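Common to both upcoming complexes is chain A, partnered first by chain B, then by chain C.
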Partner chain A sequence: MMLGTVQSGFGYWNVYAWIIFFALAAVLVFYFRSAGRSDYKAGTYQDEIFYGGNPVPKDGDEIAVPASSAYWGFTEALSPFYKLLLSLHTGIASDYMGYFVITMALVSVLIVL
Partner chain B sequence: MLKMDLAKTLGILPRSIWVFLCNSGSCNGCDIEIVATLTPRYDIERFGMKLVGSPRHADALLVTGPVTKYMTERLKHIYDQMPDPKVVIVVGNCGCSGDVFYKSYNLDGPVDQVLPVDVYVHGCPPRPEAIIEGVAKAVLKLEALRESLNSKEADVADVAQS
Partner chain C sequence: MTWQIHIPALLIALPLLGAFVAPVFVNRRLRDIWFTALSAVVLILAFLLWRRVGAEGTAIYVMGGESWDLTLPSGMSVPIRIIMEVDAFSAFMALSGSIASFAGAIFSLRFLDRTTGGEKFVALYFLLMTGMLGMETTGDLFNFFVFLEISSVASYGLIAFWRNRPEAIEASFKYMLLSTIAALMVLLGIGILYGRYGVLNMAAIAKAMQFGLPEKVALALFVAALAMKCGSVPMHMWVPDAYSQAPAGLACFLVSVSQASLYGLFRISFSVYGRALDTPAVAWIIIVFGILSMFIAVVMAVIQKEVKRLMAYHAVSQTGYMLLGVGVGLLALTHPQAMSEYGFTAMQGGIFHIINHAMYKGLLFLTAGSIFYASGTLDLNRLGGLARNMPYTTVMFVVSAAAIAGLPPVNGFVSKLLVYESSFAVHPILTVMALVTSILTLASFVKVFQSAFLGPARARFSEVREVPRSMLVGMTVLLVAILWLSFMPTWSLSKLVGPAAQALVDQAGYIEAIMRSGL
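Right, the complex of A and B next:
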């Protein structure tokens, strides 16, 4: 059953173990949160994120670094492949039907041979 | 017993002053000396003092440089972001008096024209010993500020109860 222990050969899965784990994690999180200072002045600059002393832009995208930056080199290295794929995806249904017909013809040839 | 030990420990913790450094237009000479205080020769961290990356974690604001017009608003902003009680330490002649840049066309400083300064450390640049002495004075001032804030809070609580 889902509530029992599932042995995988590498370890086990148990719902109760996970519930205990999350409960412990929650206790720790609330403990660290309660250890924070509560005497700050809400509604002032003390309440604002630190952005090098500059006014914080209202649009988060202006200061956010997108996750795609992490694999920029990867996409750059494979750009010829991506360009080919993008050029194939024209958005026109008749093109896709053409690819389907061609693929089916090739598969049929392979099966017949 | 445990409660007493905890109170003692928590009483010691605030003496570990955390410092945020802001360069308001310095030549970096003072900043290099501040970094020298962190090296093994001076090792300011053995006193629990350390530089932090955000004013929201800091007890003291260390300012170098004579405050250029560009930095004025940013310096005020950083000061406002620090939690109370807080102290401002100026390191170097430029921040203390403007030094050779005094009355320059592009300055709003020295620092005490922009922020309430608690400790001045003179020198061009000041030696690490002088900076450590300045920070030690700031610790005393910070303790006095903390006590006055606590007594004010106690007074407010007494008034609210009565």
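Right, the complex of A and C next:
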């Protein structure tokens, strides 16, 4: 067995090949970085964020996108599905018990019949 | 004969001792030493047991008998014995759970300094450890129920540990309600089998197993109850409640404790029923549980705004991969060609995912605990820019998030690859669902990373600093395990996962290990 090679029965995968790939990619990244401008000066106007020409707010909260806005398009497109899912997740203990009893009944029918 | 033959007993006796002695340690320093040292000893014992089982085969230990290796009734009119049977699968589970419990214990030390009653936490934590290890090492169905109850009772107390929070009490109550009914179903199933065969030993029942109506009813009770205990959809709703309220060190360990129920489901399906199953219904039920758990839970995770709740949904989702992999293995169990073509690969994938999940999900919960410890919130809408203040926690999060998302070359990728390729042989839709789940997993952890760690610095977190060293050490234990499993995949599969999968498939070997002593 080749070192680090996982045989899946349908193909194979080698972890060390991936590590070499990442190492080569890292070398390229550092090469491109080193080819950048050498006249950059930290702590000067070159460091400033361009905020549409307006002053940058001091607190990051004012320029951050909240997590609840993430994947808005995805959740909006699936809103009927999410509505159904959320209606099932009521947080009520008797509902939890109901799902358990229904599932047990289904499993029993499928195994016994 | 060496002292190591007694490890199966020590593995239960020591945490039990730890639980009963812990309340004495009101002094914080002594409590911390007791907590850490005993957890480390249990981990070492679990490792030695795993090594011994790997070298010498299934370990049998008889408690209450005439001698430790005599499984026969020893002249007593009522033979009261506890027979422990530790095969490679049991040893694998015990090792995986012990690593998580050790990491959770070290991480919890500084957390406990912020509260009173830390010694009670330690006592319940050790009791939980006893229950988990007992479930994974016993060869007796009634003992399995007893240890299941021990772990459940300890969980109720620990989930409600922040007793000043109504949400914690509510989460504990919901889990208690469901768990008690599920445990009664397990007891009923055990009662049915005891009524039929007059024995409680799993191997003895397996040898006599006839798949008639009572056995089918008992199996249905086991499957539904244990699937609920491991958090399978649609019986998963206690998981986000419980995991999000549990202290982080405990949540890390609870992942492994839930896996002990998964162990019970697999052990009963393969070792007790095994080849007597003349219907594919059970395998398909487990596969459908797996698919539903993967997909529904990950879709729910994407919209969560609280870090631990999001991670809890992912705990359910990842359990789906294990159910899918081992379910496909169960489907192929009575077909040798299918087993050699894809069934065994699927089982390897599912079982590899058990330890992978215990390590990276444990680490993710610990990083969530670090965020809460340092910033006082887990609300993703309020968090941000923490990578500047908490660089080590950020690295831990990135590695574990890459692992759970199945990004190569991290360990989650290997187990998922095995599940993808083998489940494709059963039906391509299984693989499609697993792949979509993986993509959504990546999406939700990118959201956590972007919301909590990246972005501009927040004024309210200007004083936030990296967590104390002991918490970093707890996280590092799991990080090292993840890296080991990632960079040594062939070793992991041949030494750790392969023997465990083989032990589960080899029902005759499980029966023979007890029967050669003449039960």
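Everything that follows uses one rule, which is that the second predicted complex is superposed on the first by the 66 of 113 C-alpha atoms of A that agree within 3 Å, B and C clash if a C-alpha of one lies under 4 Å from a C-alpha of the other, contacts with A are read in each partner's own complex, and residues count from 1 in each chain.
Everything that follows uses one rule, which is that a contact is a pair of C-beta atoms (placed from the backbone, for glycine too) under 8 Å apart; a residue touches a chain by one contact, two chains touch by 3 or more.
Keep in mind that this is a model prediction, so the values were computed, not measured.
J.: Output check: A:S79 vs chain B and chain C. Expected answer is one of first, second, both, neither. What do you get?
T.: A:S79 sits against neither chain B nor chain C.
J.: Now for A:G91: first (chain B), second (chain C), both, or neither, which partner does it touch?
T.: In the superposed model, A:G91 contacts chain C only, not chain B.
J.: Once the structures are superposed on A, label A:V6 by its partner contacts, choosing first (chain B), second (chain C), both or neither.
T.: second
J.: Which one hits more chain A residues, chain B or chain C?
T.: Answer, by number of touched residues of chain A: C.
J.: Looking at A:F50 after the superposition, I want to know if it touches chain B, chain C, both of them or none. Which is it: first, second, both, neither?
T.: In the superposition, A:F50 touches chain B alone.
J.: Contacts for A:T103 in the overlay, against chain B (first) and chain C (second): which applies, first, second, both or neither?
T.: In the superposition, A:T103 touches chain C alone.
J.: Using the touch definition from the top, say if A:Y40 reaches chain B (first), chain C (second), both or neither.
T.: Touch partner of A:Y40: chain B, not chain C.
J.: Quick check: in the complex, which residue numbers of chain A touch chain C?
T.: That would be residues 1, 3-6, 8-11, 13, 15, 18-19, 22, 58-61, 63-68, 70-71, 74-75, 78, 81-82, 85, 88-89, 91, 93, 95-97, 99-100, 102-104, 107-108, 110-112 of chain A.
J.: Report the residues of chain C in contact with chain A in the complex, numbered from low to high.
T.: 173-174, 177-178, 181-182, 185, 213, 216-217, 219-221, 223-225, 227-228, 234-235, 237-238, 241, 279, 281-282, 284-285, 296, 299-300, 302-303, 305, 341-342, 345, 380-381, 383-385, 408-409, 413-414, 417-418, 421-422, 424-425, 443, 447-448, 450-451, 455-460, 486-490, 493-494
J.: Could you pull out which chain A residues touch chain B in their complex?
T.: Listed in rising order, the residues of chain A that touch chain B are 37, 39-41, 44-46, 48, 50, 52-55.
J.: Enumerate the contact residues on chain B facing chain A in the complex.
T.: For chain B paired with chain A, touching residues are 22, 54-56, 71, 73-75, 77-78, 80-84.
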